[in-house]
Amino acid sequence: MLKPLGDRIVIEIVEQEEKTASGIVLPDSAKEKPQEGRVVAVGSGRVSDKGEKIAMEVSQGDHIIYSKFAGTEVKYEGKEYLVLRESDVLAVVQ
Amino acid sequence: MLKPLGDRIVIEIVEQEEKTASGIVLPDSAKEKPQEGRVVAVGSGRVSDKGEKIAMEVSQGDHIIYSKFAGTEVKYEGKEYLVLRESDVLAVVQ
Amino acid sequence: MLKPLGDRIVIEIVEQEEKTASGIVLPDSAKEKPQEGRVVAVGSGRVSDKGEKIAMEVSQGDHIIYSKFAGTEVKYEGKEYLVLRESDVLAVVQ
Amino acid sequence: MLKPLGDRIVIEIVEQEEKTASGIVLPDSAKEKPQEGRVVAVGSGRVSDKGEKIAMEVSQGDHIIYSKFAGTEVKYEGKEYLVLRESDVLAVVQ
Amino acid sequence: MLKPLGDRIVIEIVEQEEKTASGIVLPDSAKEKPQEGRVVAVGSGRVSDKGEKIAMEVSQGDHIIYSKFAGTEVKYEGKEYLVLRESDVLAVVQ
Amino acid sequence: MLKPLGDRIVIEIVEQEEKTASGIVLPDSAKEKPQEGRVVAVGSGRVSDKGEKIAMEVSQGDHIIYSKFAGTEVKYEGKEYLVLRESDVLAVVQ
Amino acid sequence: MLKPLGDRIVIEIVEQEEKTASGIVLPDSAKEKPQEGRVVAVGSGRVSDKGEKIAMEVSQGDHIIYSKFAGTEVKYEGKEYLVLRESDVLAVVQ
């Protein structure tokens, strides 16, 4: 299992083909395009200046959209993941 | 539903044609031009360094003007939205 | 009405022709030239790290001078306004 | 009267010809050269992240030296002034 | 022994050949590729602005993945190590 | 007298010829070379976010070494001085 | 004696020839190479935003490794020293 540090999360990328099902389609535009993912692991949160952990807003299993160019790719036990900071998550699909 | 994270909001873009009705017209100028939108979802607010949520000033349903080049476009269930940070909102039209 | 967010204000630009009356004339110089405006709406102030609003120094009706290249132009109900941050206000003319 | 905002001050520039009298002469050097001024108005001070005003060190009437390229020129009731931040003041001549 | 300062850690680099065993393989991509290491020494943590040590999340013996271009190489008693900041650690492999 | 503001100090530059006497000689190197000075006036210190003055470490009369390219030159009553920030002081010679 | 200010330290550089003895050898690599030194003087520490000194982790006599391009060279009473910030120290050799 990958345990992300601080305010990082590990996600599985949700491929373009699955997007129609979830109802999210990316428009054609010159703007930065977000992508979708499913959260598989969540860090324990960043530490405030008072030394206290700040709880994460994102939970394991969440379906999220995130900034396209964010994160670092990792392959673990044959599957590809992306390690993101929570601040790269735009919204949770509910 | 899209639930934005932190101090982000999700808006529907108010098109140029609707602008005459609301009374806001953008001047011809070399300056950055704001655009209008209607808030459809609001994040729970950013967390201060003391670990406390800072309440959002913008509410669901607000008619806002925002910086033109801000935000990330998302299409969700066939409609286009924009995910902005509250700090990209210039003013609320009341 | 336009309600600016955070530490922003909305001003009416005071045109160059009106400047002689108020007694402020801009010198010919290569430096950044300030301009004058009258405050028509004031935000509720920025939020401190303790989550408290910090009161604005500028009030509705104030005659201010501000940095020339600051702000975003908005036309609302046929009139032009400028949305500024309070930090772009140099001084109040009293 | 001009009332500067935050940690800003308004000064009258002390011309080069008056410098011999006050005893300060600028050396020939490639370094940034300071200039002299007399403080005519003082802001109420910047607000800390805790929401408290931080008192100004400079007072009305002080003879100061400041960084040459700092500030914004303003003409008010026929006289030229400079609006500076207190942090651009190097020293007070006592 | 090398005792890293602040929020730094000392790691042994886990070579590419060992990666198949641990199950992590790096994909071919233009993105920044993480690498693996094993933690051999941990600093006492960074000091907050309040003067308190903030505990490290990483422990001696942890198998980590980290940003490829992070850190400084050191050879000590014939072995190569890398000194990283904890913030360069993406995740712990558990 | 020159009274520096905040965390600034005023120093007399100690000339190169005097350096042999004090025992400090600058090596030939491509690195930034420090210079020596004697402190003639000390500001009251920077103000913390809590609004309290932070005491200066440097005192009037101290023999210091400082970063060569730091500070602003001032001539006052016929003598040359340099206005520095305390953070540009590397060490005190005791 | 040189008394460094704030979070600075003064070190004697440990030459390359001495490195075999201490067991640290720098690898051939394009990465930034650390160097070794022995601490001869330690500042009293940086001051937190609360106005309190933050204790130094490095002590006089410590054998340290530091970032190669950090610091300022000083010659004092015929010997060469380097003035570093504590944050440029990677690790203490114990």
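Which chain is which? They are A, B, C, D, E, F and G, in the order written, and residues in each are numbered from 1.
Please note the rule applied: a residue touches a chain if its C-beta (ideal position, glycine included) is under 8 Å from a C-beta of that chain, and two chains touch if they have at least 3 such contacts.
Just so we're on the same page, UniProt names per chain: A, B, C, D, E, F, G = Co-chaperonin GroES.
Only a predicted model underlies this, so the values are computations on that prediction, with no experimental measurement involved.
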| item | value |
| --- | --- |
| Steps in the shortest chain-to-chain touch route ending at subunit G and beginning at subunit A | 2 |
| Centroid spacing, where centroids are CA-atom means, of subunit D and subunit E in whole angstrom | 50 |
| CA centroid of subunit D to CA centroid of subunit F, Å | 22 |
| Inter-centroid spacing, subunit D versus subunit B (mean Cα positions, whole Å) | 40 |
| Residues of subunit D whose C-beta touches two or more other chains | 48-50 |
| Successive chains around the closed ring, taking subunit F as origin and subunit G next | F, G, E, A, B, C, D |
| Subunit E to subunit G touching residues, read off their complex | 1-6, 8, 10, 41, 44, 47, 49-51, 71-78, 80, 83 |
| Contact footprint of subunit G on subunit F as seen in their complex | 23-27, 29, 31-34, 48-50, 52, 54, 57-58, 65, 67, 86-87, 89-94 |
